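One structure, pasted below without further comment.
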Amino acid sequence: GTPAPTAAPATQAAVVTEAPVATEAPATEAPATEVSAPANPNIILATTTSTQDSGLLDVLVPMFEEQTGYVVQTIAVGTGEALKMGEEGNADVLLVHAPASEVTLMDAGFGKDRMLVMHNDYIIVGPAEDPAKIAGLGPKDAFVAIYNAAVPFVSRGDDSGTHKKEVSFWKKAELDPATEKPEWFIETGQGMGASLTVASEKGAYILTDRATYLANKENLKLEILLEGNNAFLNVYHVITVNPEKWPAVNYDGAMAFSKFMTDPATQAVIAEFGVEKFGQPLFYPDADKTDADLGL
Amino acid sequence: MSDIFEITLLSLQVSTIATLISLLIGLPFGTWLALGKFRGRSFLLSIVNTGMALPPVVVGLVVAMTLWRSGPLGGLRLIYTPVAIIIAQTVISAPVVMGLTAAALAALDPRLQQQLLGLGASRVQMIWMLWREARLPLLAALMAGFGSVISEVGASMMVGGNIRGQTRVLTTAIVLETSKGEFEKALALSALLLVLTYLINLALTLIQQRGAGK
Amino acid sequence: MSDIFEITLLSLQVSTIATLISLLIGLPFGTWLALGKFRGRSFLLSIVNTGMALPPVVVGLVVAMTLWRSGPLGGLRLIYTPVAIIIAQTVISAPVVMGLTAAALAALDPRLQQQLLGLGASRVQMIWMLWREARLPLLAALMAGFGSVISEVGASMMVGGNIRGQTRVLTTAIVLETSKGEFEKALALSALLLVLTYLINLALTLIQQRGAGK
Amino acid sequence: MISVRDLLIQRNGRDVLKINTLEIQRGETLAVVGPNGAGKSTLLLALARLLKPARGQIAFNGRPISQMDDLEYRRKISFVFQDPLLMDMTVEKNIALGLKFRGAEKEEVRARVGVWSKAMGVDSLLGRRASQLSGGEAQRVSLARAFVLDPELLLMDEPFSAVDPPTRAQLLNDLSSLLSQDHRTTIFVTHNLKEAAQVGDRVAIIINGELKQVGTPRQIKENPADKKVMEFLKEF
Amino acid sequence: MISVRDLLIQRNGRDVLKINTLEIQRGETLAVVGPNGAGKSTLLLALARLLKPARGQIAFNGRPISQMDDLEYRRKISFVFQDPLLMDMTVEKNIALGLKFRGAEKEEVRARVGVWSKAMGVDSLLGRRASQLSGGEAQRVSLARAFVLDPELLLMDEPFSAVDPPTRAQLLNDLSSLLSQDHRTTIFVTHNLKEAAQVGDRVAIIINGELKQVGTPRQIKENPADKKVMEFLKEF
């Protein structure tokens, strides 16, 4: 069986090396030497900004294009916008990290296939002094502590995957600062990088994905205060848009991309990505696991 | 969107103040560029014209780097305040007002200056009359300046932070709704923004025509 | 940033083409607004002036919704191509060129039209001479139009998609570097953008002055 | 050549010129005089089709000008305006303007500009920008600009008001012989009654928006139509 | 009152006016005549300190004007320009302009504008926009605009060129008496030699950028300085 998701991804480095090939054989996979251009070579990939900002797609997309002859148009937008593009058939394939909303999309029939690709994790960062004393607490208690201390907290407030995650924590804590709008609750409505900058400037706490934090670390006066909890997993799925709803979509291409993303060779690349620069991987490949394995 | 009224008001306030400051800077300086006789004038003019092409994101980045705590003016604690947006927007629209003012005044008959001085106008009075004479293109300059700030988003986002209840303005709200995939809301806000801008333009045009009609 | 040359070239191409199309639309239409005598003229003028304040994000959203597969022109498959950026940028800069053209021509002595016709000018020849006479403010209009597109990012982002190697232009690259936290790279790209814009403005100014000097 | 019937011109809603009937023969020079604001310039503008009549009609060679091709008609005409607005270009280009509009050959343009700039005494100024001329120089350029066109109908609105006396005398002389040679129809507005009598085959008197009288200088002097005309002519 | 010494004015790098010496007495009216482009307008502009001399000096009541306060000096002067550029406002406001610049009281402005608009025959046009005037009407407004100021020194550059003959005669008459009453110094450029002799206590002749001769009309007529002056005066 597959190993249970471990709490701290830093200790989980070896998953990929033993990963078996995905259950379905990659039908379209072809050696780079005999690339024949597909009938409809253009694919629109709608994804969240984090995958682009981290630089991961800059590595993977050229690989995919070279292997298959497809040309990928990567559109990095907010999670909500990416899902909407799928819903309206304006993208062929999605790479997103908002599991609950993804399920809604699938249930409504707009998505056809949904495959687990990878995860990284969320962390709570904040000023080194940690005025609300959240270090060492569980996620729910940490949010309660922040609320009670009424110290600055930055919320993305943009319905992104990260924001949805944060909302779920407030819900678990049975608190609702978004409605109460206290002074210390700062909603930026911006992307992760910009929100981190706001948090840094305001000396605030913020829930962030590890990858973006690491990429921006140099410019920030924020320390990791809480990490390594099961509840902090940030899971990415690839979703093909349903051609029965939108005949114009390039389903073959979308499928090829999904297969590529879950292909063991690709997964190995994901596991290595960022190690050189940050000393730790930014994403952990999960193609060999199921949602249940990750506690979704 | 219960805070829509608040957001709209802030947009108008911030952009109006920025436009007024730009006018205060751009009108005299543009006049000087148009009327002054000095070396390096066309060099300065092309610098100002380049300023008309200042990308809001660049202005946002530079102003933010200045106002961040790590920046030279970090002590003022202006980052993520409406004042910061006003500063950035002023940087964006001042060159627009300046460049168009210079062009408008340079197009006037040069003998007009002579004649006004010959009628006993002081320098200030002369310039005042020149502005009056060029009021149509100057109004267009003002509108272009206002248009450049009420519509920009890159700078407001970076230096304002789009913080709900504090620095969220119409354009940043539009971007937010768009990134949420809430296109209808984004379009509704856009419509609101355009209607407001239209009303302001209309008011300015009417004031100007009344002034001309007298 | 090995593709920096490519990005720069695309920026220049796209913005230049958009500006030229805006000129092709804005110059005649602005002239008509300035010289025509018809009802609803000031209404149209304030619409055009409002157009100068069209937020790039709004233009981007509307053009994207039109060009998306789900949109009315989805069949043309233009979304996420340089053509899409050109379309959006044209929508942004045409009103700028138009409004400033109208203001520039309205400021000319109305008897000039009469005199040109009296010398045997056809309508086209007359308009040509009026443009020549107002070349200074018209050049400023052109520069403001170019400035508005070379600097905008909202529309290029939405309809172009900032796709590496395909539709990435300087401003979208700046935004990307900024959001990656690579501020130095962003500033370097900004400097490049401004230097290019300056050179273009300088070239236009020199051409215009040579034309005037003859 | 030109016949005006029942003409009414309005400017900004005010009646500024009424003419019951006026006939001008081919080759004739008609001098138009009258007080300021009488409507003299307005008459010329209407004849050049630069103002639309509120009523009445103007016929050129028997055809109503409103029915002729606008451009074709205007290209038979040269107009020397009361306030010449020169274009911001060289004197040479200003003089050549009308020829350029008519698509004349480069050679022809050069030749004609040469002839007429010399005739008007501005040949030394050809390379100068028009904005750098004295008042009289500008007026001479505007005269040259009209004469190069060799028009059928020449409309001149106080064309010598800023020209110095010796030049003026000489131009008037040249003009008289030139016009009578050419059989070119000329309408000539002036404030100088002596000039009007010298150049005009007939003189038209417009007062307060009405054409009061048309006749040879002698006819008018001997037999003024009414008291107003008499008063206007008393300096003469 | 005014004394000019060794003056050289350049425009666009060309010498356009040289005057060795010229004295104008308080209360005197000096008529200036000369061919087009001679430098007459340039002289007036220099006297009003609107052009900087390349050399030499102009003194007003014994003080070099370059050392006087610019504004204070210009406010002693009224200028009627050769081409009056009226502002795009009503005739009334145009006439009041100089008074407004000098911060005159509302009542006084109204009274003076009333007097002078009537004197120039433009009182019925006070509410009209300046762009809707005939050539002569515009010139009258420009005259009124200068006269309301009641200046010490009045500079007029062909102020009657577009005014109709009866009005012109009347204004000249009025002017002669007005000027001799007021002891107002006047410099009056004209192309009408009769006018120059009628109004001017002395006449100055500028030809080709040089002040050739200054004297009473009779002196000049009887004793022209050189051949060029004689030639210029032959029509006179």
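Each chain carries a letter (A, B, C, D and E) given by its place in the written order, and its residues are counted from 1.
Operating definition for what follows: a residue touches a chain if its C-beta (ideal position, glycine included) is under 8 Å from a C-beta of that chain, and two chains touch if they have at least 3 such contacts.
All values reported here derive from a predicted model rather than from experimental measurement.
Minimum number of contact steps separating chain A from chain C: 1.
The minimal number of chain-to-chain contact steps leading from chain B to chain D is 2. Common neighbours of chain B and chain E: there are none. Shared residue numbers account for over half of those found at the interface formed by chain B and chain C, and the copies are therefore classed as meeting with the same residues. Greatest Cα centroid separation from chain C: this falls to E. Farthest from chain B in terms of Cα centroid separation is D.
Between C-D and A-B, more C-beta contact pairs are found at A-B. In whole angstrom, the spacing between the mean C-alpha positions of chain A and chain D is 82.
Separating the centre of chain A from that of chain B, both taken as means of CA atoms, is a distance of 39 Å. Per-chain Cα centroids separate chain B from chain C by 18 Å.
Under the contact definition stated at the top, the residues of chain B that touch 2 or more other chains are 158, 175, 178, 183. Within chain A, the positions touching two or more other chains are listed as 85, 191, 194.
Residues of chain E found to touch two or more other chains are 83.
Chain pairs recorded as touching, per the definition above, are A-B, A-C, B-C, B-E, C-D, D-E.
Residue ranges on chain B touching chain C, taken from their complex, read 42, 45-47, 49-50, 52-58, 61-62, 65, 96, 99-100, 102-104, 106-107, 134, 136-137, 139-141, 143-144, 146-148, 150-154, 158, 171, 174-175, 178, 183, 186-187, 190, 193-194, 197-198, 201-202, 205, 209. Within the complex formed with chain A, the chain C residues making contact are 68-70, 74, 77, 79-80, 161-164, 166, 176, 178-181, 183. Those residues of chain A that touch chain B in the complex are listed here as 77-78, 80-85, 87, 157-160, 181, 186-191, 194, 197-198, 201-202, 221.
If you check the complex, the residues on chain E that touch chain D are 11-12, 34-38, 40-41, 82-83, 121, 132-137, 140, 157-158, 161-169, 191-193, 231-232, 234-236.
Of all the residues in chain E, the ones that touch chain B in their complex are 45, 48, 50, 71, 74-75, 77-79, 81, 83-85, 87-90, 97-98, 101-102, 145-146, 149, 155.
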